[in-house]
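The next part holds the structures, each set out as structure tokens.
In what follows, subunit A forms one complex with subunit B and a second complex with subunit C.
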Partner chain A sequence: MSTLQNYINAFTSTFLVEESDLANLKYQDIAAWDSVGHMSLMAALEEIFGIEMDIDDIIDFSSFEAGKKIMLKYNVKMD
Partner chain B sequence: MIENSKVQALDIKSIINNQRNRYPVLLIDKIVDLVPMQRATGIKCFTYNEWFFPGHFDDEPNVPGFVQMETLVQTFILTFLCKPEYSGMKTNGVSINNIRFKKKIVPGDVLRIEATLESFKRGIAIGYSESFVDGEPACRADFVVAVPEILNKFKPKA
Partner chain C sequence: MADFHKPKHVDAVIPLKHLADLKVRVVAGSTLADLQCKALPPFSMEAVAFLTAWSKRLLSRQDVRDLPDVASFGFWCRPANLARLHRQLNLEPLRIGRGVALHIAPSNVPVNFAFSYAIGLLAGTVNIVRVPESLPVQAYLLCEIAKDLLAQSEHALIASMNTLISYTRNDTVTQSLSAVADVRLLWGGDQTVQHLRHMSASPRCIDIAFADRYSLCLLSAPAVLTAHKKALRDLTVGFYNDAFLLDQNACSSPHLILWQGTEEEVEAAQERFWDAMQALLMTKAQLPGIHAIEKFNHLCRSAIKIRGCKASPTRDNRIFRVSLDEVPENIADNRGRYGFFFETIDNDLAKLRRIVNMRYQTLTCFGVDPHVLAQQVISSRLAGIDRVVPVGQALDIGVIWDGYDLIRTMSRIVATQ
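Up next, the complex of A and B:
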């Protein structure tokens, strides 16, 4: 499975949303992406990619797209 | 507050200082065994003077399920609220799963609650509690509990 697909799966499994809804998805756009959902998403990404995210990156992780750039800091490149 | 992992018990004053439940919903009397960030064992003694017995039920008093749940979760949250950095913080339930009620609890029963903290990260606590009366299983459940004061530190910018 590609890195991008793993990234997508973290969102769809955490928030129970369709892949087609992710492109413009931002924090608090949906009820599931609240502060608790945000922590669940961060935990899912850390587990999938074997990383530990810094607090500043967790705060900056405000959308599906923004997250892609942040993941680059952890050498997680979307292919 | 617990300053290190060697303290082994909490009396009612310490429980009140460490968590925010108060009468009539403070539903544990003491913690008899405590390893911060790992486990806690709580005790709740039920007498007929409890506020819920006359209503549940007048002809057959027994402890309501929601009260049993509270004894489990209140013991559970003390596994981390006993730490100085979290002491006194409010908690919110996120989920309760795999609930099992195995025994009717009646006036005179002493409930022993054993809580285990499986993980605590960025204000999300995951674990479970089991309770017993005279060594017999009474109730159990899995918990996810959030600490909003900690979660708020990790909120994305608007």
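Up next, the complex of A and C:
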């Protein structure tokens, strides 16, 4: 599975949303992505990509798009 | 030496058969009589695997959405954080848990027993964890999942050396458990801790006592005034979590706020900060009437007891503030709850230096570097303050707590020279 698809799956499985809703999705746009949902998402991404995220990156992770840039810091590139 | 004076401390590898008759309810894990008293090295694969599974189960549950403290625990024991903690601790390689750890958890912080237990698991001890008898919803959920996981074959080793029990407060039971403990983690008020300490333990037993503590907050007025919208929002949410989430009942929740800045700056910053707090509180659950009355009572008590105490106007009883020019040395005996704060200006921290004693635990701060403040604790040779962290992290229990390096204290070194 591609890196992007893994990234997408982390969102869809954590928030139970459709892939088509992700492009513009931001933190707190939907009930599922609240502070608790955020923790689940971060834990899921860490597990899928085998990374340890810094607290600053966890705080800055504000949208589906912004998250892609943060993932780059951990050598997780979406092709 | 006459053997009959020795407490009945069984050989660490023999199960605690003599505890079979104790009237306790096993909430999760092994029975006391079958407990395998063989410790593990810190951060063992088995312990990490169990905590990882616990974390995963907690974070994937819908009902945890309404329990941010449970979610925070689940987030704390996720594998990436455990790996980070392990690396940061940089433990000596030849370490092993110190036998049996008895955890007497408090009831004021529902998830506390889980942190205490998790730290025991990471240290490698065998753990007997007393959980409160009437479990709040958070503790119930944590226990149910732990029970389920410990019944799985992949966690059999952890299950064999861990037990979560509950019993009606009973000194005979606690005394029997205490007698087999090599480490006691005693959480509770000063009286509870004193009472527990009087119970005999093994001669080499180490007590880690978390008694009554007092915590406070330092806010820079210029930083509050210049904070942009998101930073102010984060500050208020953080302060809400530190102070309001547990009604100021936690040891690390702030009761006194020290402001830094000129009088004008502080006045303006107070207005900005408390207005934002008020707005945030309006979105939360309604304030129970009894809490408003308790705060008003405390205000009256404070007015009688403390010279020069000036009440700042309250809008709707959600926040009670008392401004002090001078802070009495015993301010820690005057703590309020449910959103009751003393405030003062302390630019050179002279007031802080005068009041600090061993009871002072957490100093949360905003707009001031925590490292600089921590250095000042040492250079001023203060008797208290074990922790300086940004606002919002007061309740984040860590492996360094109350000034103890818990993993190192709960494990022993096997020296080769």
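Before moving on, here are some points about what is shown:
Note that the second predicted complex is superposed on the first by the 79 of 79 C-alpha atoms of A that agree within 3 Å, B and C clash if a C-alpha of one lies under 4 Å from a C-alpha of the other, contacts with A are read in each partner's own complex, and residues count from 1 in each chain.
The definition used in the following text is that a contact is a pair of C-beta atoms (placed from the backbone, for glycine too) under 8 Å apart; a residue touches a chain by one contact, two chains touch by 3 or more.
The model shown is predicted, which means the values in this text are computed figures rather than measured ones.
Once the two complexes are laid over each other on the shared chain, residue contacts for A:Y27 go to subunit B alone; subunit C is not touched.
Of the two partner chains placed around the shared chain by superposition, neither subunit B nor subunit C is touched by A:L72.
Of the two partner chains, neither subunit B nor subunit C is touched by A:L4. In the superposed model, A:E47 lies in contact with subunit C only, and not with subunit B.
In the superposed model, A:M39 makes contact with both subunit B and subunit C. Touched by subunit B in one complex and by subunit C in the other are residues 35-36, 39-40, 42-43, 59 of subunit A. Contact residues of subunit A toward subunit B in the complex are 27, 35-36, 38-40, 42-43, 55, 58-62.
Residue ranges of subunit A in contact with subunit C, taken from their complex: 34-37, 39-40, 42-43, 46-47, 51-53, 59. For subunit C in complex with subunit A, the touching residues are 55-56, 59-60, 64-65, 67-68, 71-72, 74-75, 78-81, 83-84, 234.
On the subunit B side of its complex with subunit A, the touching residues are 94, 121-124, 146, 148, 151-157.
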